[in-house]
Amino acid sequence: MRTDGRKFDELRPIHIEKDYVKHPEGSVFITVGDTKVICNASIEERVPPFMRGGGKGWITAEYSMLPRATATRNIRESSKGKVSGRTMEIQRLIGRALRAVVDLESMGERTIWIDCDVIQADGGTRTASITGAFVAMAIAMAKLYTEKELKKFPITDYLAATSVGVLENHGAILDLNYIEDSQAEVDMNVVMTGSNEFVELQGTGEEATFSNKQLQELLMLAEKGISQLIQIQKEVLGEIANQITAKS
Amino acid sequence: MRTDGRKFDELRPIHIEKDYVKHPEGSVFITVGDTKVICNASIEERVPPFMRGGGKGWITAEYSMLPRATATRNIRESSKGKVSGRTMEIQRLIGRALRAVVDLESMGERTIWIDCDVIQADGGTRTASITGAFVAMAIAMAKLYTEKELKKFPITDYLAATSVGVLENHGAILDLNYIEDSQAEVDMNVVMTGSNEFVELQGTGEEATFSNKQLQELLMLAEKGISQLIQIQKEVLGEIANQITAKS
Amino acid sequence: MRTDGRKFDELRPIHIEKDYVKHPEGSVFITVGDTKVICNASIEERVPPFMRGGGKGWITAEYSMLPRATATRNIRESSKGKVSGRTMEIQRLIGRALRAVVDLESMGERTIWIDCDVIQADGGTRTASITGAFVAMAIAMAKLYTEKELKKFPITDYLAATSVGVLENHGAILDLNYIEDSQAEVDMNVVMTGSNEFVELQGTGEEATFSNKQLQELLMLAEKGISQLIQIQKEVLGEIANQITAKS
Amino acid sequence: MRTDGRKFDELRPIHIEKDYVKHPEGSVFITVGDTKVICNASIEERVPPFMRGGGKGWITAEYSMLPRATATRNIRESSKGKVSGRTMEIQRLIGRALRAVVDLESMGERTIWIDCDVIQADGGTRTASITGAFVAMAIAMAKLYTEKELKKFPITDYLAATSVGVLENHGAILDLNYIEDSQAEVDMNVVMTGSNEFVELQGTGEEATFSNKQLQELLMLAEKGISQLIQIQKEVLGEIANQITAKS
Amino acid sequence: MRTDGRKFDELRPIHIEKDYVKHPEGSVFITVGDTKVICNASIEERVPPFMRGGGKGWITAEYSMLPRATATRNIRESSKGKVSGRTMEIQRLIGRALRAVVDLESMGERTIWIDCDVIQADGGTRTASITGAFVAMAIAMAKLYTEKELKKFPITDYLAATSVGVLENHGAILDLNYIEDSQAEVDMNVVMTGSNEFVELQGTGEEATFSNKQLQELLMLAEKGISQLIQIQKEVLGEIANQITAKS
Amino acid sequence: MRTDGRKFDELRPIHIEKDYVKHPEGSVFITVGDTKVICNASIEERVPPFMRGGGKGWITAEYSMLPRATATRNIRESSKGKVSGRTMEIQRLIGRALRAVVDLESMGERTIWIDCDVIQADGGTRTASITGAFVAMAIAMAKLYTEKELKKFPITDYLAATSVGVLENHGAILDLNYIEDSQAEVDMNVVMTGSNEFVELQGTGEEATFSNKQLQELLMLAEKGISQLIQIQKEVLGEIANQITAKS
């Protein structure tokens, strides 16, 4: 039995609220247990300098936590004047993951900016960000597709993420909360598509190591959890979901 | 008639939700029309270096907007590596205003950090921040007062803020939304106490000037609005409100 | 009686020296008691990117203190690598105030940079900066007007600033020096035009509050002081003064 | 056949030169094909503030490339005034990987700083850095062990890293050079111990995805390459190698 | 004949005004032709961390130009967020030069901060800064000597600086103004003591070279100019001058 | 006798290895005793903004030390977020020195970036950098000259640098190592051409002074050392050396 009563292969309660902030082209508020993240998608009608003239679009992400999303207050990165290594790692991961299910050419030369702002943190903020950001991006893409008459809907598959880990005395578990995460010997973030393919796999022994057998157990848990997450994404997206299904 | 149908002396709908984020000692989500701000109060058991050993507490504030709180996306200040002049001005204002109604000596040598994070902006973000921050601070102070057996409740009066302005063809109006704010000839932020005293007054002619007579009209509107805001604060604070009334 | 022997409604001795530095288009050295500020106005033949093509000019200001303008040495902002919130607040104020009396369209697409460098500080550096900067700007504008045959002289009114405040046991006083400023319960900076209209009003209770009645006393003192400052500006400007009078 | 004539499961020529720079406690120059990295290990007799008094040591790493390690010159991060996300990601990875095979308690309260400076880059700089850094760290630890009479040799196992990837028309390959890396559909960095356990696994579909079957092929290649790397480390370490073998 | 009518071995008019700013322990305003610099000396009762406990004092300098000290406006280094290489070079030079004529041990563990702020520039700002800074430092030292009863007056000799250079068609000249400086083939800054010894010599061929014979001509001019500067320093210092003479 | 057994006028062993890194247009590894520096020259087909359209080329340099090039580890300048004054001074010196022997017009509008990265430091890193950088630049120029058919070879003379100094009890010595440098009373860096002309002369009394007589002794030593360095450069450059000889 886990500290919050879940079974080893059980996700925390998930809720995705659409159209949370009024200004962005896509905006969702995702809740994964006590982890809460606002994911906004903004369309900019140009690409970064290094891509201009190439006929392709771009997806990029930024991630931040409110100073008091956590048990003790963190100093704002704007006050420190620089972004931490952890933040950079996460925002690079989010952008890279989303680009794996987007046909950048059918987007045209525009950028989608994904902003993931963590309001409250209880473990798994980067995977919740990816799962929510996919929905925000899909909403923004649907707006573009309708308004601009893109020839193709640019999203080629679903995408969601979760964490899995190994806990002493528990073995492999799915969707770690903060306490579990801080005690885990192995911690792995998995990003998968609706076709059960990997997009990103980041496994780390926390002052520990892990075997190939353990890896396989973890990946099976992750696959199970991500299927459920994608099911929820489909329900939230409604009509838009059909565009993605048609594609893949 | 104003663009959103309000009368010249009418506030937008106000809502203050307590205990919005679970970690901070005080946390509220304030809604003023379409302006939405999370105000968190964190207690730190020490004061800044320049105050150590003085036996007094300190209140300081930080303010930020999500990049897509506004119609077009703003670059994050953490990415730019520096905080803008506007942000600095606002966070200095919030801290100064709150300190005016706190007996810093009865707080003991601790700091209350106020974080105001604007989720959605439609004008008046700094005054909504002050109004919400007061409630978050009062909740945090009440927690301290109960747990730590402070001899006195350190908040000496209520505090709320609103904006007033002069609009061509409309004259003086209360609580400007974004469109009104961007068209106003005169723009004034007023911070007042529950005793109808001023704490802060910042009036600016936007490439325009204003007379003492106009000033008086604006101040009367502000006083009216702030009384209503304080009434809402009292209702939200419930029991805690009695501590402040007892004091003043 | 005040510490320096002045009456409650008495300005410190004012001196404005024209053409202090040889390179700028306008340059004055203003002395307000022991507060001494060099105000330079530089003309740049373009406007900031966000204004290009709009046919309007721009006025912007920068403010700095020599490290030893004050009793104890301050670390240079260039060494710290960032500009403090106080500096930003002041330079935004100076720019905004000056723009209120300039017809930006008749300036053409050019920028006037105002540099206020405090050589010695004894309270009131921001108001002395505004009063001096107005003169430096007027000299630079006159140079432009003569050389470039602008159709209209772009300055529409005089502009000066002073501080007023409430001192325990003294009540309202005009033009606070450093000691008075550090003891004041209420501190207000007032910027007014030659037509006795307000441009900017910034009143702050320093861990205190103030009533509307006190506000009125302060504003009357400010009006008196600013009239005298504008009289001195007229004398210093000589010929140029006529251009402004003709306008307003 | 690969561009440089290697077989799909063949490492590039590896050379590790000990005692390359004279000042550091451990220093090696590692060559992996045309990738050349100086790895220095420096002992500091204290730990970062957050660890003080905990009785444990710390391993941290910094990574940098000479501006002209690559085909076109990169701007120095010192000139840009900030470290890129990529650099941060790599230095966090190196530190984390090394800590997995160190018993931090037996180190005592001291820090080992690992500096990996890439002199010439041809793909795989982060994995070459880890493989070289392990040797530099072992040399520094041996120095400590001898001089300070630590009760236990703190390194618990060998550690090396390599990259594997999937190349269109080639399938899975081992130890990608720059050209292969830039064309790979899947790119994975694997860090393993002498006991064939994983420490870190970072797999990324580059605008592509990968299946569990492909993952298994990649991991088998990685395991083969890392065994060979660890064999070379043992030869270079000579006497010191016995300490590690004794431990694990 | 030079552009300003001087002979090849003639200094520009020099003026040194004592006690220019009221707060610093030593303050002078030095004028060398149209070059005008405020030199302030501040005493701090501690030394930098790396010197603590060593029983010696320290002299350090900072240098800055007002944005409009020059013909076109320079961006403030505080706005750019970093100090230029030129500024760093100059402030290191000023500090190093002054330390050469101070017995750091007799100062005790305190720092003298020298601030050289260029109000108006017309060539030779760094040498004017050194010449003025010496006087400001001497005044501050005299204050310390009187008040604190130091056993020895810590300044061991006079110190002044000038520039010399080679101008096409003119040969070697003394004390270059801005136009001469920008045309010079060789540019040399010389810092010397009252005993005609060198403290610092920085000669640069500006996309040109120079011979030992030219060097000797330049050094003779420099020696002549510096003797005259030191004579002026003595007159300005009055009584204090005796302390230095007594020492050396 | 000096600590390392050299005579007062003896250089340390010098070695210059060509084509050290494969990517740059010119690359050498220079060893001066235990001081080791990689000097890379990169050609960029444009000049800095302030030079565009002028038809001239530019040479600029950057200098850095590996953190553990020295006995104790230095914090990386990229981590500190700024370049030190010492680094700026050195890189400005290197660039200026090289430009003195280049006919910038015959280079065309391109920039040569010189990167000097100190792998191991034992005194004289800036002079070793200049001596090595000259060779790297000559190789890059030769590549340009061959490939691009420049009409003239743009290097007009040889250039090398060394340090000289005065050591108590030793008098003047040539080519100081770290220990000598830290004990020297006078420290002078001299940059000279193949025609025995000075390009740069930087002499500093380290809390000491020096006479013209001492200066002459130092310059004679420097001249001797630089002749030997240029002889080595000629040997290393081989064929390319003829181009320079032909020019001067």
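Per-chain residue numbering starts at 1, and chain names A, B, C, D, E and F are given in the order in which the chains are listed.
We adopt the following convention: contacts are C-beta pairs under 8 Å (C-beta built on N, C-alpha and C of every residue); 3 or more make two chains touch, one makes a residue touch a chain.
A quick map from chain label to UniProt name: A, B, C, D, E, F = Ribonuclease PH.
Computed from a predicted model, the values in this text were never measured in an experiment.
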item: Where chain B (Ribonuclease PH) and chain E (Ribonuclease PH) overlap in contact partners, by chain label; value: C
item: Common touching chains of chain D (Ribonuclease PH) and chain C (Ribonuclease PH); value: none
item: Per Cα centroids, the chain farthest from chain C (Ribonuclease PH); value: D
item: Chain whose mean Cα position lies farthest from chain F (Ribonuclease PH); value: B
item: Averaged-CA centre spacing for the pair chain C (Ribonuclease PH) and chain B (Ribonuclease PH), given as whole angstrom; value: 28
item: Separation of mean Cα positions, chain D (Ribonuclease PH) and chain B (Ribonuclease PH) [Å, integer]; value: 51
item: Contacts with two or more other chains, residues of chain B (Ribonuclease PH) listed in rising order; value: 81-83
item: Ring path (origin chain C (Ribonuclease PH); first step to chain E (Ribonuclease PH)); value: C, E, F, D, A, B
item: Residue ranges of chain C (Ribonuclease PH) touching chain B (Ribonuclease PH) (in the complex, touch as defined); value: 82-86, 88-89, 91-92, 96, 99-100, 104, 157, 188, 193, 195-212, 215, 219
item: Partner chain B (Ribonuclease PH), residues of chain A (Ribonuclease PH) touching it in the complex; value: 21-24, 27, 34, 38, 40, 42, 44, 62, 64, 66-71, 73, 76-83, 87, 113, 115, 117, 119-120
